[in-house]
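Each of the next two complexes has chain A plus one other chain: chain B in the first, chain C in the second.
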Partner chain A sequence: MSTETGRVGEWSLFGHSLRRVVLYGILAGMGVFYLIPIETGIMTSIINPASYTGSFPYLPPLEPLVPGTGTFSLEPWQGAIDGLGQGLVNSVILVVPATIFSGLLGSMAAFGLTTISWRGQIGIYILFVAGIFIPYQAVLVPLTQFWYNVVPLQAVFEPLAVLPFVQEYHWKLVALIITHTAYGLPICTLLFRAHYKKLSDEMVEAAQLDGASVATIYRRIILPLSIPMFAVVFIYQFTQIWNDLLFALTIVQFGDAAVVTQDLVGIGVSQSGTNFPLRMAAALLAALPTLLVYIFFGDKFAKGVAA
Partner chain B sequence: MAELTLDGVTKVFTEDDGNEIVAVDEVSVDIEDGEFLVLVGPSGCGKSTTLRMVAGLETVTRGEISLAGRRINDSPPAERDIAMVFQSYALYPHMTVAQNMSFGLEESTEMGDDEISEHVADTAAMMGIEDLVDRKPADLSGGQQQRVALGRAIVRDPEAFLMDEPLSNLDAKLRATMRTELQRLQEELGVTTIYVTHDQTEAMTMGDRIAILDDGVLQQVGTPLECYHTPNNLFVAGFIGDPSMNFFEMDVDGDLLVGDRFEYPLTSAQSEAVDEARRVTLGIRPEDIEIEADGSADSPSEFDVAVDVVEPRGDENTLHLTFDRGVDEPVTFTATVSGLRQLQAGDSVVATFPPEAIHLFDADTEAALHNRSLDVPEATEQIV
Partner chain C sequence: MRNPLTVLKRRLSEHREVRTDGGTTSAGSILDRDSVRSAPFWLPPFLLIGLFIYGAIAWNIVLSLTDFQGLGSPDYSALDFENYVVAFFGGTPSWSELTVSPIWNSAWNTVVLMVSFSVVCLALGLVLAILVDQEIRFENTFRTIYLLPMSLSFVVTAKFWLYMYNVETGLVNLFLGAVGVGPVEIVQNPDLKLAAVAFALIWQFSGYAMIVYLAGLRAIPTSHFEAARVDGASTLRMYWRVIIPQLRTATVSALVVLTVFSLKAFDFLFSMYGGYQPGPSADILATRMVREAYSNGNWAYGSAIAVILFIMALAIVTPYIYSQYKRGEL
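Take a look at the complex of A and B:
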């Protein structure tokens, strides 16, 4: 039974050692285990809702070829795109600037708190870190009060609504952008600070002697060296803000400014029952942008984590 | 290009618990236009802190630093017109060699792009790195990075160069080559330079003058040979020279020095210099000790000693000699002899301490009482 590839004295099967066969068996099993929910979701999302009840959700809709599996239909995806369209647009309007602002400001704050030395910076830094530990629930009421009663953002925004592409309800998204930027700042600062502590002090001093101002050192030395960390922070913040529901419910509450997570809550639910294919299609559609971000920035993310 | 003056420069660091640490204590040096001054001392002696104060990277607690007659204590680093070469080279890793070198010109001058690239190309050619200008620092060897770091300083054409142990990350061979090249460059450019090192060989070979610092206090400023032959005190005598000077603690008994293991007669000039001191330290350089393989001691300055260890260096041998025979861990002193001399551990030899090669230091104050006689006596700048 022994072959050239197997180790001496080991059992083998078709030229592969038994160890390998078991290993691949377990790996394949785990792969199936992890992929089944997604596969089920995808299959469910392409079944005609009318033929869904009683079918096996993880089987492809092959009726009438295979009875009991439901008929194929893109109707759920059509419904999801119609139902979530506005929410997706709102989410993009929210997430892109909020992610960029929190990353950029976090990087600047970390630069000021790490690379430049000045009296009292540790105290300020501790305030930043403390921000990480404030629970979301504790700020919900103050947040509503702040945006609805303290800051007249809505009134400021009204005249801007005459501009192209600007709607009056966008003020809520602006409020959300600022809130997410502020809330993301501590963790972004922490991540960038860890990165900046590893940069050579002598390099910054060399730049000072070369005549560069603090702003120039940031722009020409620190910022280009932060790109791997920006990938990490952008992926992290994008996912956090895209998936957030709590702040959206608190600040947007309801109406045209609702983001995709809010729309997702109610889609496919009615008194006549739950439209599972529609809900599955909507969930996949809502998750798609975060998936794309991981695919496009994944290699940079790995570099940044290793940096 | 200008003269650089340090006048009573002091740096006091305050620790978190309020403790004050004096890192640099009243250092005063005048560095002439175009001079190469080496600041040397053991780790933690304050030499880097001194350099960083000149650069503007540390504040000056007391005293005054002036460049070309202009007080620069409170000027930010960018306004001092000083270029610095760091031990780690501190190159900008994301920029090419050319970008590294042009950065300073872009930030500190009004030059146009063409003029900058012309300057960079000239300097790169001078440093022999013209083929590397499009590479990033990570793709360069240590020696090449070193050249880029020097080029980055030179291209700025500053009033003064500051170098903080720039050669210490290179291997021994390359270090020797760069030492010569750096000296040649500095002479060619004629830029006032302060060079910090802990390596006394670099200090001896490179500097027009060397300034020796210990525990934040300036011990001596002088030409390498002044410091070597006429040290101000015990510290300088022990620090300069490799292998180090031998020291013996001796009691003064009239015209005779009495030690644990031997006695040594003083000449009239020496005993005059010793004057009232009761205890002195006798110093003699290893290369001044004469070794006779045969015969026996028949004058007061000759001693019968045993060879404990021989360290061959090729050109010369370093002998560890001892008065204690048959002891497990004997007290030894060193002597250097020609590499061709055949001597082995255990040999009995006669060591002569020539009277003209003797240094005497006060055992309490460690100040030099008498230095070896030279054919051409040179005056040493005295530190008060």
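Take a look at the complex of A and C:
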């Protein structure tokens, strides 16, 4: 970025190209604005907490070369892994099935409400779309009542706990998976419907004339054509569910089933003050999966949020 | 009138005959209606959202009329609007010995946060979109960087900005110090709290507004830009008079989404203030609701606040969905 600005500036200081210099200057400046909190976090996360002074939070630890910057250490990351390990495992157990279920069900709903067209389907679809905008506060108390007092999931998991890898507290994660699947459905359905509306009707009509059943049309024609959209939807849902705190807070509440966002809230604070290197390492570790997904599939993420 | 059951039977048998005939579909049969044939696909998801979204909302409304408080289970035999009276006017409700304050403070903060956050996000997003749309090099890189914060969670964003705002070591205060101001207490300062929250959220979501506006700009035919140029309009004038008016749809949809994001800012405040207590000057309805229910055990009162929040969201979203429906964009 900086080399780009410099190079353009070199040969175009005259005439209207000065505008371009200013333009790139502003663009780069905004880039710094968006990156600096993350950059500061990364630099701070590799400082030995004992040598941390906080004088130059944006500089890497360069002591003894640059005094006041602290010495390099991976201790904060070790601490973050120790502190968030269980939460990370729980988050993975939650996110993978919830993402797949909401994506698959969303695709099926969109298919039944778009590709197969029938009168009145728009009314049903509006109920799906409206679900995107529900403030989740409006369903929290019933959800807690439902999972704690109505559905005996905990009783189901008590005998299952003898099985390998199954713990009694996993019932909370199952509850959370079902909840996230349900609340992810509206946006998934919207994304798939936008995609299915663009597909040509001819193939489906031809298949119908050939006597193909609805299920065959979905499996043979629509599903293969949905793969690019599945990527968009999975990335969007993965990010949403991984990042959620509110549902976890009200359904898991506390204990062994706590997910990573819950663990992150309290990390790095103690009687002796705030351990900033540990806290930044933990924030980055918790953000790492979604950051990696974003860096590798950024265009698909943009497509998901823009829809 | 014929007995509906006989009609159904006849249609079912018709259906069977046609099937044995050789696969062509009978248009008359109920089982062959497209709505029924596609039901295995849309019905299970519909039941799921019906139960979890609409069932839960209805249940929440009923709960808000009870006196449900503390441990135990709600008593549905005596329903009244007491919680709403308390929410609007304050006072000592029958389920508590303490005086409960009304929601006006958090409702006001909600509106202030919602408006300031969405307006600044839109303005910044529009400016960025116009800049990125100038046939620049490395467009993808810039776009990726601007949208990057949106992939983070509220919890992580709050941790980053808690650090940025720190009195002694925060970058914001280092910057202020460099220009001769401060150091300023930001996170716990009643006068700055809400602005600090809004600023961090703008950092996180203005990239989203940019993406929406960029898509809107790209949808405007090039001829509109050229026509304005030929007329000799200055760049500023061209955008103000010709281009921005055409971005109305983009503005409305971005605005609706951003407003709803700001209603959900609970996660951010919970992470920033390490719990249910952001303090009166940063308390919004979303935090008040969760605090009343999950921290104070005032479940029914929390439900009532949730209903108010829900109605606010509905007031914003309903016109939007209706206009989308009218324009056939659903």
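Quick note on the criterion: the second predicted complex is superposed on the first by the 254 of 307 C-alpha atoms of A that agree within 3 Å, B and C clash if a C-alpha of one lies under 4 Å from a C-alpha of the other, contacts with A are read in each partner's own complex, and residues count from 1 in each chain.
As a working rule, a contact is a pair of C-beta atoms (placed from the backbone, for glycine too) under 8 Å apart; a residue touches a chain by one contact, two chains touch by 3 or more.
Small disclaimer: the values here were computed from a predicted structure and weren't measured.
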{"item": "Partner chain in contact with A:Leu113 - chain B first, chain C second, else both or neither", "value": "second"}
{"item": "Touched partner set for A:Thr239, first chain B, second chain C, both or neither", "value": "second"}
{"item": "Partner chain in contact with A:Phe133 - chain B first, chain C second, else both or neither", "value": "second"}
{"item": "First (chain B), second (chain C), both or neither touched by A:Gly211", "value": "both"}
{"item": "First (chain B), second (chain C), both or neither touched by A:Ser51", "value": "neither"}
{"item": "First (chain B), second (chain C), both or neither touched by A:Gln154", "value": "neither"}
{"item": "Chain B or chain C, by number of chain A residues touched", "value": "C"}
{"item": "Touching partner for A:Gln86 - first (chain B), second (chain C), both, neither", "value": "neither"}
{"item": "Intersection of the chain A residues that touch chain B with those that touch chain C", "value": "208, 211, 213"}
{"item": "Contact footprint of chain B on chain A as seen in their complex", "value": "200, 202-203, 205-213, 216, 220-221, 224-225"}
{"item": "Residues of chain A touching chain C in the complex", "value": "1, 4, 23-24, 26-27, 30-31, 33-38, 40-41, 44, 54-55, 57-58, 105-106, 108-109, 111-113, 116-122, 124-131, 133-146, 149, 179, 181-183, 185-186, 189, 208, 211, 213-215, 218, 239, 242-246, 249-250, 253, 261, 264-266, 269, 276, 279-280, 282-284, 286-287, 290-291, 293-295, 298-299, 301-302, 305-306"}
{"item": "Chain A partner contacts - residues on chain C that touch it in the complex", "value": "23-25, 33-35, 37-46, 48-57, 59-60, 63, 73-74, 128, 131-132, 134, 136-138, 140-156, 159-161, 163-164, 166, 168-171, 174, 203, 207-208, 211-212, 215, 256, 260, 263-264, 266-267, 270-271, 274-275, 285-286, 289-290, 293-294, 299, 302-303, 305-307, 309-310, 312-313, 316-317, 321, 325, 330"}
{"item": "For the chain B and chain A complex, residues of the former touching the latter", "value": "55-57, 76-78, 80, 82-84, 86-88, 90-94, 103-104, 107-109, 152, 156"}
